[in-house]
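Next come two complexes built around chain A: one with chain B, the other with chain C.
Moving on, here comes the complex of A and B:
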């Protein structure tokens, strides 16, 4: 048969048309896509029975209720718990990513003992018996040498049974050095102690406030209990006004009804300036000032003589007309509230500023009033008798604290962790021979990383109770891994800033995955090894028994509901709210001169001011970002492995958007990328906090710079707390 | 065959005044839908985020600068009669407009990765799997059995948590019901949002909050009657089912492409 051109083309075209009209190509495409997806490594999650467990998240101090969805024994999703008094169903980016910490590669799976040089990452797996024996051996020998006071413990919290057990152990053992990690809680507690008396927590009836004046607080960026504050912010959108005073257009500033840019570090001055107008115009609450306060006249003279709106405008950069209208609007609001503590509030700040802001609250008479600042007493469910101390313990406890908290120099401050490195490095008092770290990651979170590391290197015995291989665990001698929050029981008392007392119960959602042990049980085991009065101070068989006994009748309710909320709580009336101050009244204390805190570095060599900023998407506390959370971080914050700093285009001469620069401060240097942002005040370099981890997994480690490496300490002269809000810096082309 | 269920049109209203840009919706979505992650996710063009929160700025100088966050799920465009931009171009029928729910589906096993739909989508709501997903050892334990994990070579996107609709419907059928209560079917992002900025429901149901807030005008392709509400790229007539609310005009204008000074109400 002859194949001519015509028949050839007919065959081809006909064939093609025929095939196209047949189902064949579509079937082939479909099959091809199915068969190219059937690989053995494509994961097929196992199905099974679905159940839900209510618990509480302890990844930050926020204390949100969570509901964890499980399939068989696997936890597959963390959701906010509906009806929980703190977060009522809402959840944050860190909380929702919590399962990646449970199942993630950063877990410490067994007790570990260091074999190589510190920080080298060489470990030997040891048994729990060996681990505890190791700790006890060290502690016993220190006690024998009469050095019990040289043992220190850094804890993320001082409330709740676990922290209390740790503190109790130190007391019975004979060391005064139980130290809580610093935050604005220190400043708020101290302010309340000085002005209102007592040691109550400070709560904010934020939801009911109709005019919130925030001095740089990241109200929606993690300040207080983060989800609760974001919820409150949504309420203010409906009926309330927020004024944000800050040098940078933060998320809070952008969401606020009014953003007032201020020269950084002059917040206290502005607060006094506002007080000046309120007093001048007689807009203050006369009932409160006349009948329930002490020192008002003196305060009045101080404010009137030194803080005229014009002078304040000069210092703060806020015009006097703005100051005046702000003061009037604040004082005339029916439920005004002034708050401070920068960003998430992870650095305490200057006492002067807190006192100034709290004085504003007092002037408008919102202390212990609806929508105002409340004194929230600690729930006293922990009613353990004082531990009996033997002679060694007595001697040890009589030694002064290494951080000088409570000493004649800082009589009212309770913890001063930031002073620990200099105390160790200078060797003025006594060396620290053993350090225990629980619920904290000081090597990452503490200011002036170099000095902190230097001090840690001087401590011969460092024990970490971390569940994750964080920076502190990496540099420890011994890791005794605690269960992750989803594997353990724990009581979680009222979160910071909450206006009504609440206890939540953290419950095991899954059985412990690895050979870890509850910190409470570890403390009991260590204490029992000592025998004598130390063991006697811990009469419980195990932590769960201790918790059950401590909570007493509340236990059942906590197990059933997950929380215990004192919804009817009302703070004390003015008549008897201040019975713990010397005058039995609210005291307008006047501690130190109202000077703005001077930051480190000279203007000549360091023309810029470097300031950190906080973001919900970047966990900057003792927990680092899990993979989901770091994935949400914008490329104007982190680009590949480089941190991006924000500068105003007006001061950005010589730099290109996205280009490299060298950022140097008196404390250190870092290679950064530059991002133009009109939201930053000219002259300021804004740097995100929460990056620059050296530990954790490949998803987080080695990305960006830790701000703490670039900044030093600025000690508040009255409280001793860290008041540094920034540092002078230089930006040069890379 | 008689239609048993009245047609739904699931949609979303996102209040940008309330949105704080915290990112909880993004992570909640990832956790709910087994979204994969890699060591470096800072190249946002290939970072798979079914829900992505964009940051808008008003372009003014300090201190007049302002910004706003805008969460962007899949818009589940209806176009005209279900002709969503992506649906029209898919050669494999891997993406389809479901007239029962108004949800634009994505069927991974049908997708062979031509990425026409990505080119067609004006919202960058679709993402391509350039790599096989790899979970660090142990983390596969946290995967949900309700959503199949994807693999290299397929496109994925927000499904309005369609599996939650299926689960809710199954439960309703078991209880002898044909209709869902408003709260029975909510997406993971709606549920997670700490600000309560996201509202989800049936735009065909006048009693649902979404309808009450957005007030879609069915005569004009679903355009919102609420003066503060807008949809992204309205003039493309994609008829999206995600509405945004903002009290700031510059934000509303940022939702579409305008010629300078076109239709401006404010004198700037």
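Moving on, here comes the complex of A and C:
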């Protein structure tokens, strides 16, 4: 027998035929296709019992109720809670992406201690006992040296039990330096304090208003409680009018009934100009002006003498006929409402502007009226006795705040975080030896990043309570990670701008995934380590017990419903609404001069004005955009990893659409791409906020430029708050 | 002489030699074909044997259930038949294989003599670990199968798809497809795809077979008497609990959402 080539081929052919008639190829093809569905990166939803947990979103101060759909123990989707007084079923792009902040890679999973140089990213995992001991050791030694006042704390909020516990600890420990992160809330609180008295929150009965005059507020771009305002905006479409005064065609402007482009920074002047027409034409509410206000005559003289429509037109670039018709329409509307605070309202503004706009509301008599501006008292459910202070604490508390809030220079301002870097850098008062950061990311959100970093570098001991590896956590010495919002209990009081008091309860949707600890519990543990009067100020076993006891009878309802809403709340009548002002009446105060805030930079070397703009798709607060959200950003805002600035084609000579340019300001420079937009006033360069993170995940870090690196601080002369709305800039070809 | 002449001479010799060799060559060729055919048959038989006998053994691994479960015993002890343990949740979704908590309703402590039960209580109940049951009927993730539509609305018996598993006294071996991770029950025991019973195979064609039959019954819509909150988006939760489901349209998305 001779085996030849043909035999071999025959064997192969026979094999092939046999294989074809066997199940092998057909079965393998079928299995292979199923196999491709099981690749590890193909996400497979959990299968099992579906349940829903009601909670509240605390990714921004908006306070929206959320319903989280769970399958077994896995949170699957965040939706707006139906019937919640703030958002009634609605949710924003950040809220809906919240699960990525729970399951995503940016979490800090255990307490960390820095081992390398600050910001180098070298960490050592430590236990909670070690972490707390470390903090206590530092605090005890500072107290021994009589330096308790050199401990400062930056908090995202000053309301609710967690923030109050932190503030209470500082008081009992002996530091006056509890500092809230700035926002328009500061400006509004101060305005209300000066004009209406007290420390009430300012609420807007926006849903019922029929004429909304917005001085640059991003009503549908995150201003106030974002989802609530978007819903209110839908109502205005049916029975209301919205006038947007802004130098750029924002989404709010585009959706408004009328868009008035104004020379940037002259909003206060326009408000006074409108007031001039209202007074001139006797369109103001005489009952309110005569019987319930103080200083109206003085205000009248001031407005009539200095803000004639022609003069105002000259300054603002809004024609006098427009000013007149605006004033008439505003005054003649049955429920007019004037609001201010630029964009999302994440930075405060000039007090002058807030006073001018609030004066407009007062002129038409819509203070505490349906569709107007309401004073909303804080729900005083936190009834803890004042902490007893020992001698050290007493001494520390008498040292005076490092940010000078409440000092003779800024007597009415409560927190001035923006002044902290200069206070530390200049070393005029005293150094800060230890800093605690909770619910805030100052290294990203504060203006003039370089100065902030410089100040941070001077603080020898920085503790971050962040759940995420954000810019501040990266530059801390110790990270004591808090549970994320879906893992913890927390009370969330009335969100900014809400007209009726509401408390919502944040509930754990899932059990903590990592070795994190509730900030409330951490504060209690630290306080208890001290013993003495500091420990006595915190009689609770743990945070949950504290919260339960504090909420008392409301606890059960909050657990069941998720919120407690005072739907029948009506603001005080004019007769007794202003009892906290010196005159017991609404005060037409005129603090400071009515000139527009001058921004940094000289016109010669910096011919453009750089202004930031906000978008719902870009989280610019202490939380960065999760991957879902950043994916929604258009390529006229962020092109691959490069930031795009908007510029009017008329001033864009020499630049190509989509081309590169170097954007420089007195504070810094950045390489940007240029996008032509007719919606931007000539001479203005508009830049998105919320980009340029160096921390968080690969989806966010290294994309675009942080606007805060390009802008400096412009202090409001009266309040000390940051009033910068832009900075002069120049564009050169790259 | 030129080289050309030499070549010509050789050619002549070769032509002369051919007739004498012809018969031998024929035999040889016959023999060669035989061998070639033999190799063909060897290849055919070997590959058939491999494909039909060895390949299934290689493809499937034999796994034992973590606990040998006696269905017959349990069905006898409960009142509601299959639904006593494999029940529908309030929202209409199907619970599937019971969780430990459910088993613990009865088996918090050892009840009988069976060593498997004792092992179950000691290893799982006492430690609070879920039993990693191997599910014979698990379909790939791309298949959306609502039990309620089939059992309650379609009035199908459990055994139509699951066979007489309720009468089994021991857990049979779970044959896991090494490539896909799913049970052999989906493709069926028969590699050729022959089936005697409705439950012998659960591939897409088997679903389609029944769906096509329903379609011809001229019933176009059915009304579900329960809420369907568990139907995933983009289906909005209906205002009422009544919803009409179109069973006539045999579109892909009936099962592949």
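Assume the second predicted complex is superposed on the first by the 691 of 734 C-alpha atoms of A that agree within 3 Å, B and C clash if a C-alpha of one lies under 4 Å from a C-alpha of the other, contacts with A are read in each partner's own complex, and residues count from 1 in each chain.
Going forward, a residue touches a chain if its C-beta (ideal position, glycine included) is under 8 Å from a C-beta of that chain, and two chains touch if they have at least 3 such contacts.
None of these values were measured; they are calculated from a predicted model.
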{"item": "First, second, both or neither for A:32, with chain B first and chain C second", "value": "both"}
{"item": "Contacts of A:22 with chain B and chain C, given as first, second, both or neither", "value": "second"}
{"item": "Touching partner for A:427 - first (chain B), second (chain C), both, neither", "value": "neither"}
{"item": "Touching partner for A:44 - first (chain B), second (chain C), both, neither", "value": "both"}
{"item": "Of chain B and chain C, the chain that contacts the larger number of chain A residues", "value": "B"}
{"item": "First, second, both or neither for A:11, with chain B first and chain C second", "value": "second"}
{"item": "Contacts of A:87 with chain B and chain C, given as first, second, both or neither", "value": "first"}
{"item": "Partner chain(s) touched by A:627 [first = chain B, second = chain C, both, neither]", "value": "first"}
{"item": "Chain B versus chain C as contact partner of A:3, first or second or both or neither", "value": "second"}
{"item": "Residues on chain A lying within both footprints (that of chain B and that of chain C)", "value": "30, 32, 34, 37, 44-45, 47"}
{"item": "Complex interface listing, chain A residues touching chain B", "value": "26, 29-30, 32-34, 36-37, 39, 41-48, 71, 74-80, 87, 89-93, 95-97, 99-100, 102-105, 220-221, 226-227, 230-231, 233-234, 237, 249, 251, 254-255, 259, 261, 513, 616-617, 627-636, 638-641, 648-650, 677-682, 697-699"}
{"item": "Of all residues in chain B, those that touch chain A in their complex", "value": "15, 17-18, 20-24, 26-28, 30-32, 34, 37, 39-44, 47, 49, 53, 55, 57, 59-63, 65-69, 91-92, 94, 108-113, 132-133, 135-145, 148-149, 151, 153-154, 188, 191-197"}
{"item": "For the chain A and chain C complex, residues of the former touching the latter", "value": "1-4, 6-8, 10-19, 21-24, 27-28, 30-32, 34-35, 37-38, 44-45, 47, 49-50"}
{"item": "Residue ranges of chain C in contact with chain A within the complex", "value": "31-32, 35-48, 50-52, 55-56, 59, 89, 91, 93, 95-96, 140-142, 177, 179-182, 187, 191-193, 229-230"}
